[in-house]
Amino acid sequence: MKRVGIVGASGYSGEELVRLLLSHPHAELSAVTSRQYAGQTLAQVFPKFAHHPRAKALRFSEPKAELLAKQAQIIFLALPHGVAAEFAVPLLQKGCQVIDLSADFRVKSAVVYKDFYAHDHPAPELLAEAVYGLPEVYRAEIKQASLVASPGCYPTSILLPTIPLLKAGLIEPNRIIADSLSGVSGAGRKAELDHLFVECNESVRPYGLPKHRHLSEIEQELSLAAGTQVVIQFTPHLIPVNRGILTTLYLAPRNATEDSKGLSELGEKIAACYRAAYASEPFVRLLEVKALPDTKNVVGTNVIEIAWRLDPRTGRLIVMSAEDNLVKGASGQAVQSMNLMCGYPETAGLI
Amino acid sequence: MKRVGIVGASGYSGEELVRLLLSHPHAELSAVTSRQYAGQTLAQVFPKFAHHPRAKALRFSEPKAELLAKQAQIIFLALPHGVAAEFAVPLLQKGCQVIDLSADFRVKSAVVYKDFYAHDHPAPELLAEAVYGLPEVYRAEIKQASLVASPGCYPTSILLPTIPLLKAGLIEPNRIIADSLSGVSGAGRKAELDHLFVECNESVRPYGLPKHRHLSEIEQELSLAAGTQVVIQFTPHLIPVNRGILTTLYLAPRNATEDSKGLSELGEKIAACYRAAYASEPFVRLLEVKALPDTKNVVGTNVIEIAWRLDPRTGRLIVMSAEDNLVKGASGQAVQSMNLMCGYPETAGLI
Amino acid sequence: MKRVGIVGASGYSGEELVRLLLSHPHAELSAVTSRQYAGQTLAQVFPKFAHHPRAKALRFSEPKAELLAKQAQIIFLALPHGVAAEFAVPLLQKGCQVIDLSADFRVKSAVVYKDFYAHDHPAPELLAEAVYGLPEVYRAEIKQASLVASPGCYPTSILLPTIPLLKAGLIEPNRIIADSLSGVSGAGRKAELDHLFVECNESVRPYGLPKHRHLSEIEQELSLAAGTQVVIQFTPHLIPVNRGILTTLYLAPRNATEDSKGLSELGEKIAACYRAAYASEPFVRLLEVKALPDTKNVVGTNVIEIAWRLDPRTGRLIVMSAEDNLVKGASGQAVQSMNLMCGYPETAGLI
Amino acid sequence: MKRVGIVGASGYSGEELVRLLLSHPHAELSAVTSRQYAGQTLAQVFPKFAHHPRAKALRFSEPKAELLAKQAQIIFLALPHGVAAEFAVPLLQKGCQVIDLSADFRVKSAVVYKDFYAHDHPAPELLAEAVYGLPEVYRAEIKQASLVASPGCYPTSILLPTIPLLKAGLIEPNRIIADSLSGVSGAGRKAELDHLFVECNESVRPYGLPKHRHLSEIEQELSLAAGTQVVIQFTPHLIPVNRGILTTLYLAPRNATEDSKGLSELGEKIAACYRAAYASEPFVRLLEVKALPDTKNVVGTNVIEIAWRLDPRTGRLIVMSAEDNLVKGASGQAVQSMNLMCGYPETAGLI
């Protein structure tokens, strides 16, 4: 049983961490911070948790690293980029393990970070030590880590379906197109006109193209998998659901073919590649022949669904994934990393 | 053809006024104001209107009464209460006709106004002259008015089904219960956490009870209809639709009865009362035997649907209404008043 | 550990039972039936459960009582009324404990049943033995029961807030008005035009008034609590959410008063009444001073939220409740009964 | 003034035709047919139209070509494919002008039709005479036509943004990827489990890939524009809105370039190409620099919004469009064709 704290627990990712950690068999939620709600109990701020015994006792506090380091052994940072890194430094110095849900430690290069986030990196000395918290790829490293950079929601939905194919050399690394649809919780709990109910309901729209910030970590990880510098196309869209990301990937098989025997062999290679990568992964669901991903089948869970189709008319490979942007795309995956860091069963508190 | 202006044209009611007036056969939209968007064209702020010829020419301006009085003969005020009255005074002095969509001139008593709106009335000298803009009740007065106080969305949905019954003495005036469900646009285009998509979607909740501000105008008008002081019960709820109000009224027939003959006679009286009041009203739809109101049948129109049931088990009369809160509950009704004030066909630009 | 089966597991209540029982610490889901999906695995029919170890092994079977009685000790019936009773008879004879989610055993009188359900009761001999499965009211009886009639979704949302007030003599038993708003899952997983996405989204509508079937069980239980025959007013509405019921109750305090001292004393009595009834109930959340119920705070949980306001202007008591129609209003409550019947902790598998 | 009829007026496209034609200045809606609702008035089947004078007089009839040919001069067919062609034959013989909203006359080749629709074409002799009803491309032909095949919803959203680029030789014809998101009304008013509110709300999913039927007409028209056989990639997705299609197109500029001067010149060519094609089109809205399409800005209108971005990182051209699938994607476009066929102003009844 470890004591855990959440810095920035009043946003959507923070709230989801509260939900998961309140019922985690090996974690005791011992600190939650929020500038806005300091002094109030969990039960007051989130009535939905009020039936939990700890919710009436635990109060939000001002986020202070010194105090937190005494209250908890593991700290989740659910803060905006830039701010998160500043918190991580003193917490690590005092011996805490830190799982950061912001973008601050995901990108290895401070230069790339500045290019995408438009300010200097606040703690470049920690970049080498941080581990990218994608358990299906970096399980061994996460087990040894003090500082985990939990992946972004879009990146998770793109990397998990793509990395095995790149590693196996099955697709062209520089012809990847990712078209993603995200629920509105991805925009965070911020009072903004664009995310009012009336502005989002009965609306669908692209945004943030062509150079969304998440491209920095996506391309870093794809490049590592491909062994060559990868640049991809990525278009995010906002759709009127609370939660869920659906990503459709348009990929070019390396050895394109149009005859049916070639296609059939390629299909077998792809199926084998995914089975080898994910058949025993507890949170990756490879869909069977006719099934296609649907966000409603993963919302509230730490599961990512993956399906694929080879198009005999174009020779392209279409891969689709669905995840809950707040669980596998954020807080659930962060807890999965915590389980690995602490030596708990990887699925503890997540199934 | 009259020149019309809208002060506060960037909120939801203002936007709906723009929509209606751009296609009105006898109105030329000649001024729109908005502090936030001053300098931008209609087309820039509202791409949805960009295909209209005037949308690229007409620019939002700062709201200045002197200028407006030169640009338009009729001014719609889509401003918060308190602010609206301050604009009305100079516009009326300069000879404009004013249709105010705020609460400022709805309540005849400055004392009641202060009780419900928590500040002194900004222009009590105008209260006597203002006409409550419910055309089905005050058609003659609206035709003569310089200053129309267009009713609130909830009040419209409650008053139209109730006033004829009170005037006919068919129901007990002091046992009225109104349970209302409103779409989120009723909260206005304001950046507030409570009205974010994620906070409203998959959520239903009561709010603002037991003393919602709209009670002041509702009870004033019901008292006038009943000829006695009326106090009612009113509970608004927020539901996840963009537009629409559904009100369910629980009423006590004055001469309660439980035998089937008595009920049948009472039913005939109610039917006759509604037919007399509304059979020839262009915007009141009395539903036939089995039909029940549904907001989706009125959204985008100036129509209010009304249905009723006598419950033989309890003797109560249940009356239900559905309207679009932004049209019959706000901007459409305001245009209906404009048509009356200008001598245009009452349905001009509304069907 | 007991073996449990679900008859009719492919509807929304059945699906929710699957979810709860797959993760229940003392239950082994050993049989699921569905005419439509017989032969398919849980994982095939409900991809969302596919990550659970049992989901790939457990297959839907045709519903056959004889076989079920061998496969499971406890059987949940998630079937239409009429059909459920026919299944219950042989299962009980073979020694199973039965928890019926249909209406078949809720009403004690076969005459009332026929009046509301329009056909003869299929097994009137079992009516005396069945226990109404509202644990907060019938905990002791449920512990001894072989046949539990799990309450309807609307009834739960109305009975829990009302019964303590009636038992304490605080309200007039025959002036109860219940206005309820339900998510669309309440209509079941049936291919009907009225419940298509496009027909429900951006729509709100009353239905089924004035004599909804649930009145039979509601009035039976209220009459028992009041010690007198109770008839109430009840209007259900359909709102565009997947899950959740919000009920607003308009109640008349027995000793009505308008002076503030009297109101204050009455308020204390009501608060004390609710505290006595529910302060230690694990699934009833009495909201504190300013909070109001919101379905989003209970969806996915077995909790019902209750808040109340005394209106000094009308003397009425307004009580509001929120629950998940599929959990506290159906499957969660049924599992709560199972826990009691089996001597497990009442909250097992539900928190 | 012409008399017009709608065959199959009770589906979503039919209902939208009713809405548009009831308020059309030059059309008199003289016949509506529906097997299911024969004998009922428009007002009974669609309460939302009940305030229109004709809605209480006009009754649905059984669909009989002979009678229809007497009642109307122009007939809209809003029927399933296969059935539509059978109706068109006798109507044309009797001198009616026919606008078919089904797929039956969109594809010029009966062989391709059978490949995609899995049955023989019911009236191949009419294929040569039918005009593809995309006014921005075939305006002159539509003016002369007796039989117009109104385009599908997805095709419209793909063809209008793509055809000018192909004609100008600016993009590679065989590297087109179209990723489309459609509201649920696209599935029609059919009682199907997959399109229940609960199955669609809080859900996003791809479907129908990789060989959706609409590819047949899309590729036919793109091939004509490119002057070469075109095969594209197309993935439709279902999203929880009533109306609207958002299409994101991934295109490869023919003369790819990575230097900024080359990109800038290419950008100017693209802008000029779109301006030349659409600057004076009443229903195509080319969005300005920062704006992106949003379905909420076009729903209820006959407008299609188009925006584009050149990605300097990949060299790709991203084009996005938004339309109302029931208006520009179906009924509005059909009325636009009617206006051309009859010599009315093209925007009559549509703005």
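Which chain is which? They are A, B, C and D, in the order written, and residues in each are numbered from 1.
One rule holds in what follows: a residue touches a chain if its C-beta (ideal position, glycine included) is under 8 Å from a C-beta of that chain, and two chains touch if they have at least 3 such contacts.
These numbers come from a predicted model, not from an experiment.
For the touching copies subunit A and subunit B, the fraction of interface residue numbers used by both exceeds half; the interface is of the same-residue type.
The greatest centre-to-centre distance from subunit A, using averaged C-alpha positions, is reached by B. Chain pair with the larger contact count among B-D and A-D is A-D, by C-beta pairs in contact. Taking each chain's centre as the mean of its C-alpha atoms, subunit A lies 38 Å from subunit D. Averaged C-alpha coordinates give centres for subunit A and subunit B that are 46 Å from one another. The centroid of the Cα atoms in subunit B and the matching centroid in subunit D are 37 Å apart. Residue positions 199, 201-202, 240-242, 294, 296 of subunit B each touch two or more of the other chains. Chain-to-chain contact here is organised exhaustively, every possible pair of chains being in touch.
Against subunit D, the residues of subunit B that register as touching in their complex are 23, 44, 46-48, 50-52, 202, 282-283, 285, 287-288, 291, 294, 296-298, 300-301, 303, 305, 351.
Within the complex, the subunit B residues that touch subunit A are 12, 183-185, 189, 191-193, 195-202, 240-242. Across the interface of their complex, subunit A is touched by residues 177, 179, 181, 199, 201-207, 209-211, 231-233, 235, 237, 239-244, 246, 248, 250, 292-296, 299, 309, 311-314, 316, 318, 320, 322 of subunit D.
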